[in-house]
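Consider the two complexes below, in which subunit A is the common component and subunit B and subunit C are the respective partners.
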Partner chain A sequence: MPLVRHSTWGDRNKPSHESIDLLIKQRVWGISKEEQSLKFSISLVKEKLQSICAALSTGRMTDDKDVLRDVWFGRIPTCFTLYQDEITEREAEPYYLLLPRVSYLTLVTDKVKKHFQKVMRQEDISEIWFEYEGTPLKWHYPIGLLFDLLASNTALPWNITVHFKSFPEKDLLHCPSKDTIEAHFMSCMKEADALKHKSQVINEMQKKDHKQLWMGLQNDKFDQFWAINRKLMEYPAEDNGFRYIPFRIYQATTERPFIQKLFRPVAVDGQLHTLGDLLKEVCPSAITPEDGVKKNQIMIHGIEPMLETPLQWLSEHLSYPDNFLHISIIPQSTD
Partner chain B sequence: MAEPERPPTSLTGGPAAGEGAAELGPDPNALEPAPSAAVSPGTEEPTGDAKKKIDVLLKAVGDTPIMKTKKWAVERTRTIQGLIDFIKKFLKLVASEQLFIYVNQSFAPSPDQEVGTLYECFGSDGKLVLHYCKSQAWG
Partner chain C sequence: MLYKYYLMTVEATSEPATGGGWRERMAENEFLEEKTFKQHCAKFIKHSEEIGDGWEWRNSKDCSDGYMSKMHFQIRNGTSVTEQLFLQVEDDFELHSDDSEVVGPTTASQVIRYEYHVLYSYSYQVPVLYFRASFLDGRPLTLKEIWDGVHQFYQVRLLQEPWSTITQQEHPILGQPFFVLHPCKTNEFMTTLLENSGKDNRNINYITSWLSIVGPVVGLNLPLSYAKEMSQHDAETD
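Then we have the complex of A and B:
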């Protein structure tokens, strides 16, 4: 993935929104040879055209809000195939879907479930679960994170296998209902605010505000969500950022699930900490040494932000709806 | 202070160690001193840190039964689900009964969350305080 370089940052406290925005708009969508559904291929072409138009029009000043929208509306073209050992009454056709990067698998796959259950007998169906190349997919991780971590450097569409039996108890949490997803999502938001504001902002909100955050995510309503979420992105005038930055760093190759530690966005001398500063502190092996060959990609929402990007800005603009920065460290792509 | 109880036999456990903190796991060694919870950037993690245990203080909420032993030394890699299972067995709760665990009396971490990570971020005075409840206390 080519990096867009800018020599000046402009306003000291903000990185070039244009570079991040451009990176997101230039995420490459291939058109799969295997697609069968015309609707699916049309939506892919539409997305590609939109990206190209947006990229051409960045002669204008990009607003921070554009980045928020780009992040929210990111999609991953996915092909769902039923596991071959599932018992069906007739042939199960693959199902194509554009998955929202910022959502969760079990929240957006009702149509997938219905599609495959149509060809199965009731007694052969239990809890649905998903797998990619043998790895069970954790529904409680955001979709974009799963894709970046496991499949970002392979050809589109993302090929996911659907299972209805032999639920892998050791690898996956159960998801009996949408309430489970809501509880998990709200808990992540509360944890993020505990780090950012000692839970003061989220605790001051009414129950209906919490509900609005969840409904905004569930119904893909950007404005509804951000009407409340913007309060979680504020900080006291006398500070230069949040108390601590909510982040999780994932590496498919390590034993530990993720790295999460206390890390301040501002140094004692008032300088803003960058993405590079964070990595140097909590995951130094991810950084390329001075004369070394770049072994890893540091990926958020399918792009590689420059390591000089202030962490506070990343937290405000590239967090997932749960208010966490979910960062993937993956082996450097060879193309 | 009451003598700490032996952990249930289904968990591999050594003899209870230290003052008031019982072992939760196979390591019978005495309690390790816990590192400072107010971490600021710049502290290098000592090697073998992942093997060290952290102190967990369990507090009951509402009419949930209180554990006789409240302070435990727990491996960093123990998950919240592992802790829930242990508390349920210790309190002799039925497997079907729910148990919720809260951090900072504000959020319920995911069952696969490791206690070590929670301690790093939310520990204070050398321990991680966790509230447990049979019903949802803080949503």
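Then we have the complex of A and C:
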């Protein structure tokens, strides 16, 4: 079913739109270079490479929907290692997994848990939690956000340490079951719609539609998810976009976990606000001064969109499944 | 009891507001602006200081926003709450890991420290109540353990009221786990309450009214003087 396309960029902006799609494809390409050192399904990566080559060789105009697919199917090659102080009955081998960028750690790591629990005694196991270089990983943040924020400029694979004891109560939310993840996910979606549509669209949906959104995410079913989610991306014909844009800006160096403010996608004169406009308004220190050296990268889904990109377009195409734009500000990479 | 009165007004059928000023605009717009939120908090804290109720305003590190904060201590014997005291934090109070030394002759009682924060939600444009509790040794209470300290009347209410979902969430300014009373229905019951108070031409403080409804459900009580104070001093501010 073709998506209703509302916001286009106009001739002036078309190049940026295509470049985002290429950037995302290049990011996947970058991952495939590392495949030699990884112990996971090679055929998966080859298949992706083939579809990229096909798209690039035909040189066809990228459809907006391709961007949605590339975002949804983004993966991060990850190596899970058991924390050295955990008590095991025999040596625990590391476990390799391709993590979906748009999902949540506790939703996609059942195999990881099983793998390590096989070498441990039941009494040494309590709630699982993950850590990267000493930082406990917040399972309630999307995986892609965690990676971009903490590890995007380090070599693949992403090395995560697995713990089964000493749950860091002061840092992490508990995740007793899948229901907790579902409740959190739906709560984010509701909050996003409160900003976009005063909650009208999501409240009009039936319970089965809400369930379909969750099941689509849980089972990695793009079409199932977007059949419902497309309604959350629509807006009245007389408006030029959503009421407010759901976004959160993260910076690992601040105590504050994220910046979230009210921001309209359209200015009073009808002009579309850009990513640059948003940053200037809510996080001016992140933007490079005219004559200065670029000190930060503004990253979404592993890429740096041009600051001229309309925010409304970003919200419709580069949001995570929870309908939020999760934006990372990280120090400029040196390589 | 004033709390019961506020609870009752929520259930009354709503009628068009007749009051003027911000209250009428609020009923139409349905939202509480951040500026108004801060003004009501300031008045609320002023009264809190007058009666020594322990509320204070805390700014975020970059000072772009802030929240109201209160801490109090509670003593429990099993599931019964015997006293609430020590509104002021004493630094060496926390060093006693053996609770019975601090509390006195009662054995098997525990001291619990409660923290309540009132933040503004941009997404729902309403205030939100965040809270957490821990034993003196730092061990946090689970939601069930917090529940055991809530008066039975409110336990029953909580199960009935759809606006009262409590979940564990990340505090948006501190980044730490807190329990939160979900804000998505706040607007509904506050609109009804404001319309009814407008009808009677009663002046109320949004924060006072809201907190008097949601607070007791999680062990936070407001002395009556808040309501009396607001009606006396709000007349000129509308």
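Keep in mind that, in the parts below, the second predicted complex is superposed on the first by the 294 of 335 C-alpha atoms of A that agree within 3 Å, B and C clash if a C-alpha of one lies under 4 Å from a C-alpha of the other, contacts with A are read in each partner's own complex, and residues count from 1 in each chain.
Everything that follows uses one rule, which is that contacts are C-beta pairs under 8 Å (C-beta built on N, C-alpha and C of every residue); 3 or more make two chains touch, one makes a residue touch a chain.
Please read these numbers as outputs of a predicted model, since none were measured by experiment.
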Task = Answer with clash or fit: subunit B and subunit C placed together on subunit A by superposition.
result = clash
Touched partner set for A:333, first subunit B, second subunit C, both or neither = neither
Inquiry  = Looking at A:126 after the superposition, I want to know if it touches subunit B, subunit C, both of them or none. Which is it: first, second, both, neither?
reply    = neither
Inquiry  = Quick check on the superposed pair: does A:169 touch subunit B, subunit C, both, or neither? Answer first, second, both or neither.
reply    = second
Query = Once the shared chain is lined up, is A:260 touching subunit B (first), subunit C (second), both, or neither of them?
reply = both
Request  = Please work out whether A:177 is in contact with subunit B alone, subunit C alone, both, or neither, and reply first, second, both or neither.
outcome  = neither
Query = A:288 contacts which: subunit B (first), subunit C (second), both, neither?
reply = neither
Request  = Figure out whether A:154 sits in contact with subunit B (first) or subunit C (second), or with both, or with neither.
outcome  = neither
Message = Which partner chains sit in contact with A:140 here, subunit B, subunit C, both or neither? Use first/second/both/neither.
response = both
Ask   = Is there a shared patch on subunit A that both subunit B and subunit C touch, and which residues make it up?
value = 140, 173, 183-184, 187, 190-191, 194-195, 199, 256-258, 260-262
Note = Residue positions on subunit A within touch of subunit C in the complex are 138, 140, 169-174, 183-184, 187, 190-191, 194-195, 199, 246, 254-258, 260-262
Residue ranges of subunit C in contact with subunit A within the complex = 60-62, 122-124, 139-140, 167-177, 182, 184
Request  = Using the touch definition up top, name the residues of subunit B that touch subunit A in the complex.
outcome  = 39-42, 50, 77, 103-104, 106-112, 114, 117, 120-122, 139
Sites on subunit A touched by subunit B in the complex = 140, 173, 183-184, 186-188, 190-191, 194-195, 199, 203, 210, 244, 256-258, 260-264, 267, 273, 277, 281
